[in-house]
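This structure is in structure tokens; I'll ask about it shortly.
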Amino acid sequence: MSTEAVAQPAGRTRTRAKARAKVGKGPGRGGQVLLWLGVILTIVFCLFPFYWMINTSLKTGAELSTGHLFPHHPSVDNYTSIFKNSDFTTALKTSAIVAGGSTIIALTIGSFAAYALARLRFKFKFLILAIILSTTTFPPIAIAAPLFKIWTSNSIFGYHLYNTYPGLILPFLTFVLPLTIYILTSFFQEIPKDLEEAALVDGATRFQAFRKVVVPLAAPGLVTAGLLAFIFAWNEFLLSITLTSSANRRPVSAAIAFFTGSQQFEIPLGTIAAATVTITVPLIALVIIFQKRIVAGLTAGAVKG
Amino acid sequence: MNKKLASAGAILACAAIAAGCGSSGGGSTGNTVAGVGSNGKTVTPDMAKNAKGNVTWCIGKDTTGAFSQVVKLYNNQNSGVHVKLLELPTSADQQHSQLTQREQAKSSECDILGMDVIWTAEFAAQGWLRDVTPAINARKSEFIPATLGTAQINGKYWAVPFNTNAGFLYYNTSKVKKAPTTWQEAYQMAKTDGGLGYQGARYEGLTVNFLELLYSNGGKVLSDDGKKAEIDSPQAQQVLSFMQQGLKDGAVPKSNSTWMEEESRNAFQNGKVALLRNWPYVYALAKQAGVKFDLVPLPKFGNGQPASILGGYNLGISTYSKNPGGALSFINFATGPAAQKKFFIKSSLPAVITQTYNDPAVKKAQPFAPELLKAVQQGKPRPVSPVYPQISQAIYNNVYSALSSGTSPKSALSKAQSQINKALNTF
Amino acid sequence: MSAAQATVAARPRRRSEVSERRLAAYLVSPSLIVIAIVAAYPICYAIWLSLHQYSLIHPGLSRWVGLGNYRDAVTSSEFWSATKITFIFTVISVFLELVIGLGMALLMHAAFRGRAVLRAVVLVPWAVLTVGTAMMWKTIFDADLGFANQVLQALHLPGGHTVWLGQNGYAMAVMIFADVWKTAPFMALLLLAGLQVIPDDVYEAAKVDGATAWQRFTTITLPLLRPAILVALIFRTLDALRIFDLPFVLTQGSNGTTTLSLYAYQQLTQNRLIGPGSALAVLTFVIVMAVSFLYIRLVGGNIRALADET
């Protein structure tokens, strides 16, 4: 009755090899080969375009229009030129400020809301949760045009918010805030109640219990939510191109799309590649370090069933 | 759970009830540029005299470096005005979006707007440009008259011509032995000698290319009074079928449908096509790349007259500019003999002032200067209208559909006609 | 419509209940206020804008047209074409992402070393800047100099001269491919987490009962993965319906790739038709919300559970 005695399946599918592997005895030899094939395919599939980007970023001049798999004359010219280009470095700063700002705000007020949703009893909880979650479904185009008009026509304390940091941070909250609430609510729910109860018994107010007991325990959740929110905000494109126009207020996603190239390249392919790689490498590093947390955050609620 | 749905429905329902039955509304006033002339911010020549301060010049990407050189030359004069060059993307459509976005936001970031000639009417109608009639009148005789036509609306001038343009047919002399005199001949040569390229992507450039053939064949876009579309004509169908055929039998490569100016130039320089319709700017770059080529004015279509479309850029001063005097001072320099000569020689950007064409150095560097002058003097403008973007889209969307997706010329053109009529009646 | 309240404990809690409600109000209101300002108000303003037309010829002039813009939109072939294109893109890309993601998840779930590496590798597409990769795909699929055609030609495979981004169908294929590349790994992670909670004994029991691998997959794995699959489907479907970056960068909407968001954007910015453009944006919003409500009906139980679990 041992699984090793089970004959090799005829039409080998990846899933069958997998299913057998799940049982823990490991796949048979045919399945093993298939497994490794799948692994290699997956790695190539995921990494090749990124490799291609690095490849392109090291090429210059005429070589950019060839399809060489390796740069024949690798050079870091593209990288030096983008960093000399103040538009790019400013865009990096802008993205950091805008994505960071919206993330921090979302984490703060989002954690309050998430705590209330996870712990407290009050009416309309379901409706509020539905409203918050439905905001994640808003198509950005639906708020881009009215925001453009509002930001350019109306002034708040004498400021027009068009082409400013707050002018981007606020709209970004539309999707960053619900995301953090969604993730944090699940995290808060997983924290056992007894710790808070104990604090309450000791005389702390609800809010103190929240601050001193729950938040430290939910720190991993906060990191996860913050990281995910930051990545989504970093990638945002539509609002970034609509609500800004000058280079010093444009986030990096918009700046790259409108790269005119800092040198007299006809098509600034090399510099765009260098810029994308530069931006992505720290993100990838972050994502790899925190991969377990990220996965946990993304799947919050999914697994609960 | 469906409270949200209900409340959304309620909002729409209330709006519907309040709206009554459909559109009410004032009549549209046709396509007169009625908004022009209402901002009252005129720029006079003396404003440039003692101007000081910073000026930002917003214009599309400088592919040859001439823009920055001229800016540097000007700044070195130390007149008190300092100019900064702000480059917009290469694509004209994106330049348009970025300029309109800034002007809608009443931004003072761009003092000088580098506008494709076709946007001048639109920008003027929206009140984004200052009236520069006095400034132009002070130097009117210097300019080629046809170029001034693109900046004149309702009797006033709203921009200063910066460079003009007319298309040429380049041909690789190692593959094509003699210049074609008709488009039909050119396409025939392309079949055997290595292909013909033009700007076939779905954008303004396609409108230009199509109109060059259409006008030569005697067709029109608008009626003479400019009030209705006349693009659905036998002449237009003939031209469109001809272009379709060119793609079908390989005279024009299929990838032409993704080419704008730069891509077609690269294709020509790399030898992918032996004939190329493009603007004069290619001359300097192709020479630099060592390609053996020559160029001729555009051939005629069949028995028609050769036609060229007037292109080029105008420089407008933004209504929201904080330094109109400084802007005018630089504009005068950029449209003066020294700068225009530099632009012409270094970047093949055709000058708008007549004297440049007679300069011996220019004639030496650009031997085709006399033909270019003639082409410009006889150049036809595209429809001057504040809704030109929509008119152009009607043309290029449908021409592209015929060329890239095989739509029949008859249905493509009739759709273009109805779309243009709709645009002309825009509120 | 209060959710099922837990029964009140023996200890009288009236005062703390009230203070709980008040605390909850304080805690939740900042978020609700922000959402009202940056989401609800703009949407209402967009609806307001969509009921007017703004003159292109007389700046500042506007007129009330009621539902006129909406009527124009739903009678225009461009709108339906954009809707069709958006739905085709959504259905195909989400389906592919699900299948490929599931395959990757099953792969990663295999009990072997290197799973951590694989998980990190799989996160790379998701971490790379979307706009940057879109530009890379644009050059890879360039008809003349792109890597894709060069490879096809080098291997003497057919299609080496395809004008990828300049032909109907092919342009959509490239768009779908680019989207699948970026998000199949994301799906894989969501599904992997779902896989990992399925206890092994269930499979053991099934094996003892003589179930084949395929049967175990379809009768155990898939049903138990259902919640994870549904959540992944919701997020991906809604994202796909709103796609903008890819068509904007790859084709600017040419050759059958003008999605709803892109169409509305072009009307708003290129043509500056604020009224009609807003109507299109609102219609896009309505379509996306309708789909999300459909999904909520399916998955509604999860959200209720979330709300009830206190």
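For reference, chains read A, B and C in written order, and residue numbers begin at 1 within each chain.
To be clear about the criterion, a contact is a pair of C-beta atoms (placed from the backbone, for glycine too) under 8 Å apart; a residue touches a chain by one contact, two chains touch by 3 or more.
Just so it is clear, the structure is predicted and the values come from calculations on it, not from any experiment.
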item: Farthest chain relative to chain C (centres taken as mean CA coordinates); value: B
item: Pair of chains ranked first by number of touching C-beta pairs; value: A-C
item: Separation of chain B from chain C, taking each centre as the mean of its C-alpha atoms, in whole Å; value: 38
item: Interchain centroid distance [CA atoms averaged], chain A/chain C, Å; value: 14
item: Shared interface positions of chain A, touching two or more other chains; value: 65, 126-127, 130-131, 134, 242
item: Sequence positions of chain B contacting 2 or more other chains; value: 1, 3, 101, 104
item: Residue list for chain C, restricted to those that touch at least two other chains; value: 1, 269, 289, 296
item: Chain A residues within the chain B interface of the complex; value: 65, 126-127, 130-131, 134, 148, 151-152, 160, 162-163, 242, 245-247, 258, 260-261, 264, 266-267
item: Complex interface listing, chain B residues touching chain C; value: 1-3, 5, 8, 11-12, 15-16, 18-26, 28-29, 31-35, 93, 96-97, 100-101, 104, 122, 125-127, 201-203, 254-255, 257-258, 267, 272, 386-387, 389-390, 393, 400, 404-405, 426-427
item: Residues of chain C touching chain B in the complex; value: 1, 44, 47, 51, 53, 55-59, 63-68, 71, 142-144, 161, 163, 165-168, 252, 254-256, 269-272, 286, 289, 293, 296, 300
item: In the complex, chain B residues that touch chain A; value: 1, 3-4, 61, 63-65, 86-90, 94, 98, 101-102, 104-107, 109, 262, 266, 270
item: Contact set on chain A toward chain C in their complex; value: 1, 3, 9, 13-24, 26-27, 35, 38-39, 42-43, 45-47, 49-50, 52-53, 56, 65-67, 105, 109-110, 112-113, 115-147, 149-150, 170-171, 173-174, 177-178, 181, 185-186, 189, 206-207, 231, 234-235, 237-238, 242, 252-254, 256-257, 269, 272-273, 275-276, 279-280, 283-284, 286-288, 291, 294-296, 298-299, 301-305
